[in-house]
Amino acid sequence: MEKYLSGIFTITTINQLTSDVYEMTIKGEATKYITNPGQFINIKINDSKEPYLRRPMSIARYFDDKIVFIFRVVGEGTKILSKKKVGEKLDCLVGLGNGFTPVGNGKALLIGGGLGTPPMYELGLQLKQMGVEVTTVLGFGTSDQLFYEDKFKELGPVFVATMDGSYGYKGTVIDVIKQENVEFDNYYACGPEPMLMALAKTYRQNGQLSYEARMGCGFGACMGCSCETLTGDKRICVEGPILRSDEVIIDG
Amino acid sequence: MANLRVKLPGLDMKNPVIPASGTFGFGYGFARFYDINILGSIMIKATTLEPRFGNPLPRIAEGPSGMLNAIGLQNPGIDVVLNESLEQLRPLYKDKVIANVAGSSLEEYVEVARRMSEHDMIGALEINISCPNVKAGGIQFGTDATMAATLTKAIKEVSKVPVYIKLSPNVTDIVEIAKAVEAAGADGITMINTLIGMRFDLKTGKPIIANKTGGYSGPAILPVALNLVYKVTKAVKIPVIGMGGISCGKDVIEMMIAGASAVAVGSQNLVDPFACMTIIEELNELLDQMGVSDINDIVGLSHQY
Amino acid sequence: MANLRVKLPGLDMKNPVIPASGTFGFGYGFARFYDINILGSIMIKATTLEPRFGNPLPRIAEGPSGMLNAIGLQNPGIDVVLNESLEQLRPLYKDKVIANVAGSSLEEYVEVARRMSEHDMIGALEINISCPNVKAGGIQFGTDATMAATLTKAIKEVSKVPVYIKLSPNVTDIVEIAKAVEAAGADGITMINTLIGMRFDLKTGKPIIANKTGGYSGPAILPVALNLVYKVTKAVKIPVIGMGGISCGKDVIEMMIAGASAVAVGSQNLVDPFACMTIIEELNELLDQMGVSDINDIVGLSHQY
Amino acid sequence: MEKYLSGIFTITTINQLTSDVYEMTIKGEATKYITNPGQFINIKINDSKEPYLRRPMSIARYFDDKIVFIFRVVGEGTKILSKKKVGEKLDCLVGLGNGFTPVGNGKALLIGGGLGTPPMYELGLQLKQMGVEVTTVLGFGTSDQLFYEDKFKELGPVFVATMDGSYGYKGTVIDVIKQENVEFDNYYACGPEPMLMALAKTYRQNGQLSYEARMGCGFGACMGCSCETLTGDKRICVEGPILRSDEVIIDG
């Protein structure tokens, strides 16, 4: 029986990108459930009861029957994931969340902070395909955390900021955008919450921001990820992870 | 194929498998995954008089073989539940569903219970006196036998359908509370709600859940649930719908052996949206393997020892 | 290397890691595996006045990420413990150990406590009022604040060493009991003992454990233990030795963040005889990574939130 | 650091013997801790917290650095074990329990019931090496559960009993011993408790019986396996699994 949004995938490649970041490609039919860049998958780490919950990961690229995602080892689940071998199976829920809505005109600015970088890549490819001019700003803590810079360079100009200045600009992504006077009509961002908050404050309009939340299910059943916005309650896993910059509640 | 049909007050179910409240929304969301008509019944999300947004994020954490939640009874309020949520479910599910009733005061419970019980899709009420995640109401009723009995009596007076009381495991003597609600007229008991738990962020020392404490559920709590269901079903005559940690067909059988007349599956729906479907399939196979012809025969099988 | 030294009433420990009572025998058996002098202290097996054989087999079952036991306080009785078991441990362990005291009556508790406290190797007593696996005594004292206080007072009167009371998680309000034993003069609290659980054999329907119920321990109970330790340490001034589900260095840190001044490791010793040794190593590494220079600094770090 | 009684083993062979019985060979230095046939190992099924407890398994054969054991899939733990692949690692405690004491003179009778058969094999080999005449009686439920008959035939005469008579004699191992008038000076047995009890009643002297118990630790720490005998309390994992037939308490 075909299971909606659900599939068993086979790991086809695993690349280590930095000391603790891995890129994994998985192959499976359920790839077809993906409709938008910026959607995510929810991975059952093993077929044991421990760890119990699935692990949500943004889709960095998708093809006919293949999905690429990039993850950082932060705890037990991602540690187990990083030790998997090519050929092993992964049970995933696929095509979760609203995803970005690529706007087909004007100039686009992609902003990726740390492990928020991956979903921007597929989005950038689709925007470029639509003929949109794409600029990318990437923010990392230090130079050795950087990955995918070359890939984004294929899409257009790339500016990199590191917090310690060990590579590119020293400072935040907003510092770079301002210093470089980057022009854009629409922007798309994924990264740590303080970065998203700063962006939403600075650029109130025309932004699509990708949020994270601890999730019970990832498909709308538990209300574990529900947050308030100016346009009502939104489940990050269904009505998100992408929120419009002008609906985000600005604190302080 | 063994007989899976189970009859409980207000519920004539084609099998004993019910998704637990709060893990299945108002049901219709799961119809994308499978035909939810296969379910014995559905325990819909807790309903209060007014809409509630619930607790701030994060609301979810993890524990070994389980999860913690502090949703805080987020729900759209009874008007929307009656007029919209249940209507969305109507075309997708033909049998009676179970309304999960919550509140911050006796009056709110009674009012929600009365109104929910009048809806034609509702076969029974499940009174949630055991939610650990809200400040007012809820759990006080679940930890005090006298208050539990008073609430039960008040609800029984207004309800058009049978009333099940949902018990908390976070008490010294659950049997005392079970007996009190039985004496007060409850038609059945559902149990267990979540255990209270906490997790901390190692870097900051901050509780991971914004509400600080959460309810611990999932496989990790199964042995606790089995013990309490065994104790309560030995002590009361009204039927018990058992839950807590059920993740497969075997667990359903174990819960019924402990004494449950039917079961509810909670957290496992979140990890696997097809969980209840798979569990029903497994149940059929297991009963055949075991040579059991009627699932009702295994209810309380352990009580002889 | 961070400072791991922790000072508690009666215990000056080189680190906060103590094997929990009942999972480490009288200690000497583990000296085959590693030099047990690395341990902060040792909680020896529960001791009663007379020898006890304990419960019939099976005494062990399993749960998701945990185990159930119903040993039933098997021990050789206080005479053998004082004259033989502790003497076997003497050449192998230089620091003070903690005597776990059990009984079926107030008198038995007091007599065991008095005699154990006079032994030169004993730094403190841990009064086990929370064993779920014996019929008489034990848990009644642990579920009733007045009885717990009376027992504490009686033992304080006779004990030559500081007295810790070991609390049960199977109660509605653990804080009430913690406060009662504090007021009665307890020098500290150890918590938690096991949760009550059951498992059933699917073929026969019989409880797997001959005693029917068992005590559930191991990783599965960690979130429950963290919550209770947090609550109790916010409410009392006496130190708490935290336990329940600790299986690695990170868990120790989380338990101390919750409020524990030291920790005990139970079931994990059974799965991995080297557990305490590994945990102490991990603890050293983790504190360095976290930039913590004194482990006492993280005790109750969560209380600020 | 060398860890006493403890080692990481590598799986070198896996053979399926019947529909649900597997023979596994594991290689590791800690094999050296084995001193007697009839001892057991205690296996950590995976490096997760679930399943939590180790799984005790009798040693069917041991060499310099290799251990063979045979297991039946009965629950979650043995199911996971049966799916392991050659090359995977297993964390084991080794050389647990007292083991059999092979008696170097007279005639020996080995009695194995079902999954009690494996430990009798190493014992038989050692007895044969000592010049002892060995007869084996094996009991199984049905013919398709039978394994290792050929191996035991290398040691001496073998009689097989099946409960349904589908192979060899119909009945219990005791029925066979009586029917065949098997002569022996010492006997050694491992199998289900009713079989051991029947043997201890029938042949009170000169027997060594291998027991099972649900175990918390397997190395003497938890008292989970302690049972009463005529010679005092015994932990099945330390003073057992082998009990003398004349110290077993006869019920009824």
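Just so it is clear, A, B, C and D label the chains in written order, and each chain counts residues from 1 on its own.
Here is the rule we use: a residue touches a chain if its C-beta (ideal position, glycine included) is under 8 Å from a C-beta of that chain, and two chains touch if they have at least 3 such contacts.
Here the structure is a predicted model, which means the values were calculated and not measured.
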| item | value |
| --- | --- |
| Each chain counted as touching subunit A and subunit D at once | B, C |
| Selected interface, A-B versus B-D, where C-beta contact pairs are more numerous | A-B |
| For subunit A paired with subunit C, centre-to-centre distance based on mean C-alpha positions, whole Å | 45 |
| Euclidean distance of C-alpha centroids - subunit A vs subunit B, Å | 35 |
| Centroid distance [mean C-alpha coordinates] between subunit C and subunit B, Å | 34 |
| Multi-partner residues of subunit C (each touching 2 or more other chains) | 61, 63-66, 218-220 |
| Sequence positions of subunit D contacting 2 or more other chains | 49-50 |
| Contact graph of the chains (line, ring, star, complete, other) | complete |
| Residues of subunit B defined as touching subunit D within the complex | 64-65, 219 |
| Residue numbers on subunit B that touch subunit A, as the complex places them | 22-25, 29-30, 32-33, 45, 53-54, 57-67, 69, 71, 74, 208, 218-220, 247, 267, 269-274 |
| For the subunit D and subunit A complex, residues of the former touching the latter | 46, 48-50 |
| Complex contacts: residues of subunit B adjacent to subunit C | 61, 63-66, 68, 143, 170-172, 195-200, 202-203, 205-207, 212-214, 216, 218-224, 226-227, 230, 245, 250, 253-254, 257-258, 286, 290, 298, 301-302, 304-305 |
| Residue ranges of subunit D touching subunit C (in the complex, touch as defined) | 3-6, 44, 49-54, 93, 213-217, 219-228, 233 |
